[in-house]
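Read from first to last, the chains carry the letters A, B, C and D; within each, the first residue is number 1.
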Amino acid sequence: MPVDIPGPASSVSVQHEPFDVGAEIAAIAAGRPAIGAVASFVGLVRELPGCPGGLSAMTLEHYPGMTDKALEDIVGQARGRWQLQDVRVIHRVGRLAPGDAIVLVVVAAAHRGEAFAACEFIMDYLKTRAPFWKKEETRDGGHWVDARDADDAAAARWDV
Amino acid sequence: MPVDIPGPASSVSVQHEPFDVGAEIAAIAAGRPAIGAVASFVGLVRELPGCPGGLSAMTLEHYPGMTDKALEDIVGQARGRWQLQDVRVIHRVGRLAPGDAIVLVVVAAAHRGEAFAACEFIMDYLKTRAPFWKKEETRDGGHWVDARDADDAAAARWDV
Amino acid sequence: MIKILYFAGLRESIGSSGEEIALPPGVSDIARLRAHLAARGEPWGSLATARNLRTAVNQRMVDEGAAVQDGDEIAFFPPVTGG
Amino acid sequence: MIKILYFAGLRESIGSSGEEIALPPGVSDIARLRAHLAARGEPWGSLATARNLRTAVNQRMVDEGAAVQDGDEIAFFPPVTGG
């Protein structure tokens, strides 16, 4: 009888609550002896350059009917490109303060090359394809963050 | 009077004890509002392919007088190539079991491109330049792990 | 009927998070739907003027040539800025 | 005197983690030191036969042309496999 080995898994979450990076990585690695490499990324609310103390809060709006699908689609594309053991994506929504974590991507694979590439790919695609929008509150009021050309360029790299 | 802002920092550790990924990431991000991106990597003792249950333990030998210097040199090279806010490298030595974490690299930067690139660079250089050696214990006895050509190739990419 | 959703800055400039309307005669794709909605005048003018507007049909991002059918959920929004 | 260290598989095949010797006359670089040590016969033969042997002088990786001076700490070891 073949041993019952857990198959590749992945999961995405969109939530208001903070996440625990160490617990997420530990949960992915636990009892999965084929995993040799775990690459992860945490995105944080950053103080505006040249304007310390100017950013008081940030609100993340999203498209609730679409966000899970968009993230799952991005993860599915990563799984089609690389041999991965597990993927976890958490994106927060609602009101966040400077220093708060916004997004977590964890990718587990046998070797580090795949883990790094897939983790960066997921972030690049998330930045241009997942329906989240940031509104910053400063002393001068609120304004929607502009999309960065650098993010489009980063995502375009993967279409080679 | 200019505000006293903590400057770029980094630290490397070589230790027998396990490390806490979440705590290391949290320590780096705490009170550093210019950090927008934290990329990290954890390397784990992997079950040998095609040989589940065959690996009972692994021993990491190192060159105590050189390891800290080698890791600090690699981190210094990364800092010379990218604008980084902080770097943390922990490498374990001694006897480890399958599933145990071997190495942690955490890189904090303003933007994710720098954080990912520097984290992968540090791992690639560590794999070819830091004086650690793995000896695997299996049912058939112990043997030293061979260096992988793929690791040399990965490190060579960065000399462009 | 089709369901239309607006997000982020576009939602604010229109002053509405969406509407349900009958699929207008002659509207078969996103470009025509967008032109039809904008042609109603204010507060929908920013549908015509917004740069780089993105669109999803039934929760999938599509380009302006994508077909629109009765029963679809169509979302208009600015370039995304999450992550 | 120079201090010589052996690591990992090389340490095991030589059966020693190192030695201290006087800098031999005519030995001015790593290649000559390695040849001198190996020429003493067993158990140091693997210094001649080991493939891709790596070297550090005073805790820095160097190539075979690197200079050796009195007082140096010289380490010989196989390609590294950490991480």
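Throughout what follows, a contact is a pair of C-beta atoms (placed from the backbone, for glycine too) under 8 Å apart; a residue touches a chain by one contact, two chains touch by 3 or more.
A quick note: this is a predicted structure, and the numbers were derived from the prediction, not measured.
Between the contact lists of chain C and chain D, the overlap is empty.
We define each chain's centre as the mean of its Cα atoms; on that basis chain A and chain D are separated by 47 Å.
Chain A and chain C have centres, each the mean of its CA atoms, that are 27 Å apart. With each centre defined as the average position of its C-alpha atoms, the distance from chain A to chain B rounds to 21 Å. Shared interface positions of chain D, i.e. residues touching 2 or more other chains, are not present. The set of chain B residues that touch two or more partner chains comprises 43, 123.
The complete set of chain-chain contacts reads A-B, A-C, B-D. Against chain B, the residues of chain A that register as touching in their complex are 3, 20-23, 25-26, 29-47, 49, 52, 98-99, 101, 110-113, 115-116, 119-120, 123, 150, 154.
Partner chain D is touched in their complex by these residues of chain B: 43, 60-63, 65-66, 69-70, 73, 91, 102-103, 123, 126-135, 144-147. Of all the residues in chain D, the ones that touch chain B in their complex are 5, 7-9, 52, 56, 59-61, 73, 75, 77-83.
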